[in-house]
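A, B, C and D are the chain letters, set down in written order, and residue numbers restart from 1 in every chain.
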């Protein structure tokens, strides 16, 4: 897909060279813009309004890919690729990791807690957007010159030339910034152990004192038929123990209830045995009947 | 079609992202919205660079990405430690600025 | 250039203040003596200024001028005319008495060491106030003046709020609350005035292009700088408001009774006799010189307000139960006289007003300090708690009586001269106002004599029966003041000689001539 | 010679300073210092008098200019004295009577531990009074004017432990202050009219201004005179002033200070001459007061209060005479001097009586004292005869002339005023006879006081009797000395020009009618108090009597209208100041607090709502920029 788009925009670049100051782009691009633009907007909206952060992340990723496409279409090939690789590939994945770490929280709900916040936000958003559009509208940018010569020596080379000459300092500084950020992230997430690690004995004693579960937590999934992680293990008396399921699933309420499962299985077993016994019985009767015929 | 439309799109996306920042409580989603806004800006830059026929716009967009990456790294780290400390990723819970 | 005398006069107490504050806590008495010596040295310098000043010389003398903030044309400009010299002398004269009278006011209380009151701070603050007051009398640069006019509030705030009168009715907490209320009220009132003035100062800079009083005044005089009528009026009001708050003019007066009531007697004297004078002085120097037309425009309203202050203050003084509040309201009445004299725009009125500033300073100091001694003896500010003091402490009663007589401006004592000049100066231009103001003298007699009768005469109250008479220190405070009152009452010429030329100048600033007597006018 | 004038004032002033600042160590000699200095200034006065007699009439006036007092642009007030015949008369009276009373006080105040201060105050009074009569301009006169007010304040309230005394002193000062207000307004008027307030220039320039101004000035001066001389409507203080020691009443409230008003009017004669309306008012005030005082005098049982009433009424005569203009000035002053003698004598006699009766003042508790204190009886009696105008004694000459002049005013006014004067003479005869009878005749009426010890009347010591005798001489012969051959008239004429009035009825007729009313008055008094015994407890008396006992109710009027009203006014003003003036400010502060409290709610600490405001702000900024570019 990407390659095709690249080719597409390549064709665009050609007409760009023919007409330096163009007033409109190729219909193909227009078509692509309207389709993908719509999708991008929808994706953005979904990012905002999806209940679960995972979904938001996915929608955002989609939007970003579309943006990458637009970059390519605008002759920013390098950025387009970087967008896909760095953003969609790296950053969004980072997001997903964090989502996984944090798991589902009460914060996910879209229910507004601050009075009037939502309406204010929407109002501001609306006004802001309208004003922005108005601003662009009366900026009178109806003519534009393409990137033909700029990209003449190749887009990447052009960027490189600029980065390492004109913007070299900014470049270096961003490098420093990145490193700092990395270190900062480590510092923030790193947890210094302040006290000595407890020995097993101590932990055990603590548990006794707190009168908690003494033995290690029971393992989930005694019914190995399914993805057992979401099934509570059964205590000796047959009651399922929530403890055996990880907290994330618990909070999501995704524990599968197995109390009736056991009954169902029992039924199934009986039925099967029934069937087998029935067949045997039939033969017997047949046999008996033959005997009786003799 | 006129590349100005890209700008309109960028404006739209930016606004959506901004509203998202205001509406969502989950810090992660808020972050995503911020990313969305950044991307909108990038799009605008790229479109501008095309209009003016030079690559400076793209350079800026490039830098934006780098900075965004850094910002995300730190931001997420903050979120994680926040979650650790108060077992919630809601921005409203961190309302200690209140008098 | 010659020795910067004026700077020295202001700098000496400032340095003294720092030095006093630096004295270690244990050496309390040393701090007191240091402060006293510094104030006396300042007095000596002030006397030198008085001598070096030539009444018939040019308007501003002993001038100093250095560039300060070049970008805004702010200069460090000092210079004194007769009025300023007189008031500097008054300030330098009163401070030693204030310090001497407050000798024990800031001693730490043995009982509750929690409310530890560092003596050093008390005296350092007094000296600081002196320095600022003196320099604001000297400053001929509007901005420079403004800075110290405002900075004065800081030490005053701490003096009022930090070192309150130990004689109070309620509990210590209640007293502390009252005190801080008074201090905050004082601060807010004056800050409000000051801010409005700041706006006016900036406006003046916008209009005139610099802050130099002399240059602007000259430009105004020779017409090279003409303000739009409304601009001038607004600027005038901005300045006047600040000064009217400082020299409490009805209805901006309510901070004074609180402040004087809660502060110790010496601090109260500092407020009314020294600090407030800056306000009236500034009216004379800045309002009239910078905005002559606007001043004339505002005169009727201001005169009416002053008249209200006179009568109103006197009536309220009659109604007071608290000695110090009574004196405070009396001062409000007197400030009414001063302002009336300034804006009567006659040379008698303005000379009278200037004399009044000096005389009122001395007489209030005398009365208030004696009242302070009385209050510290009995530990109460309520008039009702006294009676028959005259029998047990005749000297105290006598000095108190003389102070009261000075307050009711008895002929032969200094205040009479100034009050009569103000009255006659006002009467010459505004007969009705002059006549109504004359009722003030009857009311003054009423409140002072009622105060004297209730506290000093009658049967001796058991609480005061053991009251000791004035000690040597206290006598040393009161006697010179009284002597001065009598001297200036009989022979005010030295003072008038200094003041008259300056007044003539001011009169020419506002383009006003004294009304001719009817007989001469007829000829 | 003129340099001595300052010494006249300086001597007693020095005495006052020394005695008041001297401290206790002067106690044993204090009274001597005071007396010596007082008599010193009398001696100086006498020397000046002799010198003055040596010159011819035109050049008798002396002037001494000490220094310029208040030199201010367009305003000249000097410390300068002028000594003409008028001032001289007063100087002699003041210093003479003053010295006598100093001597008297030595005995009278013997047992008072604050005697030194008493003499200090007396000296202060002398200095102020001399300043008053010697000043050559109204402002300096004003200084003396208030100075005597101060002295009288101090002396009335001398026994400060008595609340009544303190109150009386305060009252006296306040009422006087009202009068002083009049004087200061008069001075201001002079300043705006003539540009000066020195006697000479002002009195010469009276011709150059309108009558309206002069009338105003005159009325203001009259107000001042009323305050100082206890004339209606400002007379209320004199009765209470009797709280002071008796010598004070004699010197200040009979002989000298209270007559200052007369001096002021006579001194300002030219002004009054040019303002007939002012003169008319003056005569009316005088006439009213002389009746008022006389009536009050009839009703009082307190001997000093009765004498005070009489003082009021006698000064009424003087003011009346002064109001008559050139035909009366001389007689006003003459009566003033004679009155100074006999009234001082009467008061000293009263003091001597009280001295003997352990300070009992109620005449109903006296009676028959003539046997016990003969000297007092005789001197008092002579004073009595003088005041009722017994032929040949001082009062006869002076008062008779005034009545004559009153008739000479001419027209109905003349008749009315003359009639009033005559009536006054009758009442005077009545109440003085009453005093005389109740005090010295009849049987003894005194009982043991609550402490149980009976007063045993005795003659006073020499130091007290001698002054009384001297004054008695004065009250007997002064009148004749002055009156016969119009000596006094010629003496004063150069200063206060004199025109002979022509009464519609002959002088002899006036004299005769005076005699008649005199006899009537005495007779009535004798019928009421001489024939039947005087009840120890005052009878309820008629409505008029009861009113008169309360000073004809004007004190009650003052109390209700001024005192009560003033109290209410001040109390309400205090309330207003606290609630309204202060309330406005505090209200502003409070509303500020409330507003900020509401604004505080916006700071809910939620990052998102802050973000909203940021966002909105950004939107507004964009809108602003767009508008800017649009416009």
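Points worth noting:
As a working rule, a contact is a pair of C-beta atoms (placed from the backbone, for glycine too) under 8 Å apart; a residue touches a chain by one contact, two chains touch by 3 or more.
Values in this document were obtained by computation on a predicted structure and should not be read as measured data.
Note on connectivity: the fewest steps through touching chains from subunit B to subunit C is 2. Chain pair with the larger contact count among A-B and B-D is A-B, by C-beta pairs in contact.
Compare each chain's C-alpha centroid with the centroid of every protein C-alpha atom shown, and the nearest one belongs to C.
Distance from the subunit A centre to the subunit B centre is 17 Å, each centre being the mean of its Cα atoms. The mean-CA centres of subunit B and subunit D are about 97 angstrom from one another, to the nearest whole unit.
Mean C-alpha positions place subunit C and subunit D at a centre distance of 37 Å. Here the CA centre of subunit A is 109 Å from the CA centre of subunit D.
Within subunit D, contacts with two or more other chains are made by residues 604, 606, 608, 612, 615. Shown for subunit C are the residues that touch two or more other chains, of which there are none.
Residues of subunit A in contact with at least two other chains: 114, 117, 120-121, 124-125, 128, 132. Of all possible chain pairs, the ones that touch are A-B, A-D, B-D, C-D.
Put simply, subunit D touches subunit C in their complex at residues 20, 67-75, 79, 139, 142-143, 145-147, 150, 153, 157, 160-161, 163, 165-167, 169-170, 173-174, 177-178, 180-181, 184-185, 187-189, 191-196, 205, 208-209, 213, 566, 569-571, 573-574, 577, 581-582, 584-585, 589. Contact residues on subunit D toward subunit B in their complex (touch as defined above): 600, 603-608, 610-612, 615. For subunit A in complex with subunit D, the touching residues are 114, 117, 120-121, 124-125, 127-128, 131-132, 134-135, 138.
On subunit C, the positions that touch subunit D within their shared complex are 188-189, 250-251, 253-254, 312, 315-316, 318-320, 347-348, 351-352, 388, 390-391, 398, 405, 410-412, 416-417, 420-421, 423-424, 427-428, 431, 434-435, 438-439, 441-442, 445-446, 449-450, 453, 456-460, 490-493, 496-497, 500, 503-504, 507, 514-520, 522.
Interface residues of subunit B facing subunit A in the complex, by the touch rule stated above, are 1-9, 11-20, 22-29, 31-33, 35-36, 39, 42-43, 46-47, 49-56, 58-59, 61-63, 65-74, 76-81, 83-84, 88-93.
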